[in-house]
């Protein structure tokens, strides 16, 4: 049933923040269609009466006490940063607004 | 970006003539837990940048979240205080979107399984005739989530996001527990819509404070309100397209933002255009909103259950235990106190507006009559707080001290005028009320000898007035009382002075 | 005296621990011998992405000091180990086989890493893997493939091909792997080694760079069942940092492995999964599987056939759940806080978003991109119910199949992988063919049950190893160890020694 078009792949790549070039789109779109066709076989396997499993083991209510535990120093936190300034992560200019 | 800064708003009354407003309020409350939502980092403001972080809240590869049980407890208590159902089983979900201040590029939140849902809050709003009306706001849900980091925008003209060269991110705030409280569409408020919005947020704040789960200060950002508004043609039961206004940082701004958006929506609709579903930003300085982000593809948050956390299934026993810890609802409490104290709606409104409910309650508990307590807190101390620019509770006088002063007045030791000087002394930290009366020599003169001499002198100095009083015009006594009080430097009981004057001129 | 050329590296980890205990070797000696072996053969095998001679030898010296003071930290104190590069190691690079994490040095240890450090095991280095554990051949590593020690032109399995090859090539006696859909067991099968995926939650995932959080599990990669049991007991157990960690002990593993080594299987009921054997499976793999079953029957086991009808949908469900979770997990690799930052070409003063997109394009390989896009699709509004939602339901049905099966039998059995190791490059651009490698291993991940792969012999067609998989109910990991150890004993008796005795020596194989 599902055919995934090149445009759809481009849209998904945009949502996933991956700059796919034309060659990659040409390469990936047909592969994704094949995979999708294969996985689409599960449609209708389980009826409405079957609950979905999101965790393999049925656990609930795993909570932590509200007690401070030591974390990282600023130096450790920033140790992998591509760029930093004033003990903050330096990132390129941000377009758009907070959500 | 539209050129919406120069829009001509439709006047408020004209908006109401043609449209019915529908409100929706999303309030984020930052909890005052010791630690963050999913890790043991301190959940406090003001540390040096990136010092209150760990692999989990920094989103380092491999790190995992663990739920703060205290935050769940606070969420349930908020839900119960808002008359919500508490979920028997619910999960966290990932809200996926990219933004540099969000370490994992997804926010751990709740989606279709909130911890609390289907509640309500009764909001008191001033009616047309000074009476208090109750407006019921239906609560859709309250759910748990985590806060984001904070960015400093460097370069550009204003330090604002637009035009900046780059940004500097501090993740200390990332992961602080938030409770998002979402109303159902609020319809039928009509002209009161801006007021309902303001009072809802304000009274919600009071509730949160009474619960003790957050500092809930809008100016500090630990209570944030997003205001949704849409207009529908009058009488239509279909909701219009809404806008979501963010960055509304005070109760007054909530009201103003609603008014502004009502006028703007009407202008757009009257021009035959349609409203863009978008996020808008409130500007406190100019009192307008501007267009933010269009809600198109970014809306596809690809929610799914957070696989690193297990479901939350609060037992009914736990929920009932928490219900028993709820403080009295502030609105209900006010209604009860108003009845107990015998205040009029107008009086009660002033008391609430001055933040004097709790001080008066404590003063009355210390033995003062409600009327006297109200007089001191509202007439005397509220003015002083206002002059000093502080909250009433920070004025420097305790309810017990007010009760002590009033007891001295009732015993005839001092009068109201002298009492003001006692308050001066109390604020200056000169000791107890009694000590101040003693030290400042403020006690009224009750020695009839000294008082009688002063009365005789006043009669002699004002023969015309004395003659009138002798003729039965007792109202003229005021002039003589004034003269006596002046002579006694205020340290006399005016009622006793009046008695003496009338006796002598009978 | 000069160390023998092998330095005792062909011993099992348990034997090494015994040699350390009786003073016939030291941890420094043992560690150096493995470092020498790595220097000798890893140019050809490429099991390691990073080797840490200084750190390993320092840890070994500390172990020897402890032993001299009579204060050993654990049964395996001083026995060196290799760690899959998907586990965070403080001070050691952790790349997950990806360019996007090139040079990243975590400021913290994964719980399992902290536990092996505390137990005194010197860490030799980090092993190669398919990028972010996406693959069944280790060819998707950004740093080049690992070669199967049995035939250097063939794949070592994946994603944990590095750990399996390191153990098979005697570069390490023990390794840690992770298994999301077979990444420990399938490499074990094709390299003639033992691999265990414990019960979901039995071993902490804290510090495991998640591929698919609801499927991932850390486990041992070893040459013997007993060694695997020793390692799982050491790294397993409740971890308050992992909310999905089970708080009841999953123990008795070493005891079960020792008991199984008696080779007595009387009273044990083994179910052969109808859906995981038969047509389409390599005949040599099936032949070794059937022989192994016969040995178990001879040892007293009862073998019955069991149907798990929904297993045929496991692969499809897996390839929806995994990409969905992975697409979200991998969003954090955005060039802002750590790892690679690539500036897009031809753009002055690019925005954060443009840098994210350019970096993620340059930093991720094809397989990762495929799965991110697939996962993004599966979670998109409008598709969620049909894909991710439906996959979750299929997962329920598969778990019910397991429940029903385990009412009749103690363990389930199947070949671990449908084929022996294929040639490098053979399936690289045919994702679906690659995915089929995990057909038999995926159901255990979906249901959270434990599984072990033990060598079943060499396939007649190509003289390459095949694996025998044993699955047990959740938390009953000891059954895997007992039956696995029994089969190992029975087969080695038949073969006259461990299967790896028949593998090429690789001496002078460096190229």
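Worth a mention:
We call the chains A, B and C, going by the order they appear; numbering starts again at 1 in every chain.
As a convention for this text, a residue touches a chain if its C-beta (ideal position, glycine included) is under 8 Å from a C-beta of that chain, and two chains touch if they have at least 3 such contacts.
Please read all numbers here as calculations on a predicted model, not as lab measurements.
Using the contact threshold fixed earlier, the set of chains in contact with both chain A and chain C is B. The most central chain, judged by the distance from its Cα centroid to the centroid of all protein Cα atoms shown, is A. Distance from the centre of chain B peaks at C, each centre being the average of the chain's Cα atoms.
Looking at which of A-B and B-C shares more C-beta pairs in contact, the answer is the pair A-B. For the pair chain A and chain C, the distance between C-alpha centroids works out to 24 Å.
Taking each chain's centre as the average of its CA atoms, chain A and chain B sit 40 Å apart.
Inter-chain spacing, taken between the CA centroids of chain B and chain C, is 58 Å. In chain B, the residues touching two or more other chains are 55, 58, 66-67, 98, 100, 165, 167, 169, 300, 302, 307, 309-310. Counting partner chains per residue, chain C shows two or more touched chains at residues 104, 106-108, 214, 240, 243-244, 327, 331, 334, 336-338, 349, 352-353, 356, 376, 380. In chain A, the residues touching two or more other chains are 15, 17, 54-55, 59, 62, 64, 72, 77, 89, 91-94, 96.
The part of chain B that touches chain A in the complex is made up of residues 33-35, 39-42, 48-55, 57-58, 66-72, 89, 91, 97-101, 148, 151-154, 161, 164-171, 246, 279, 281, 292-293, 297-298, 300, 302, 305, 307, 309-314. On the chain C side of its complex with chain B, the touching residues are 87-88, 94, 96, 101, 104, 106-108, 110, 205-210, 212-214, 240-244, 324-325, 327-328, 331-334, 336-338, 349, 352-353, 356, 376, 379-381, 384, 388. Within the complex formed with chain C, the residues of chain B that make contact are 55, 58-67, 94, 96, 98, 100, 103-106, 165, 167, 169, 299-300, 302-304, 307-310. The touching residues of chain A, when paired with chain B in their complex, are 11, 14-15, 17, 54-55, 59-69, 71-74, 77-78, 85-94, 96-99. Interface of chain C with chain A (complex): residues 104-108, 199-201, 214-215, 240, 243-244, 246, 310, 313, 315-317, 319-320, 327, 331, 334-341, 344, 349-358, 360-361, 364, 366, 369-370, 372-374, 376-377, 380, 386-387, 389-397, 399, 431-432, 435, 446-448, 474.
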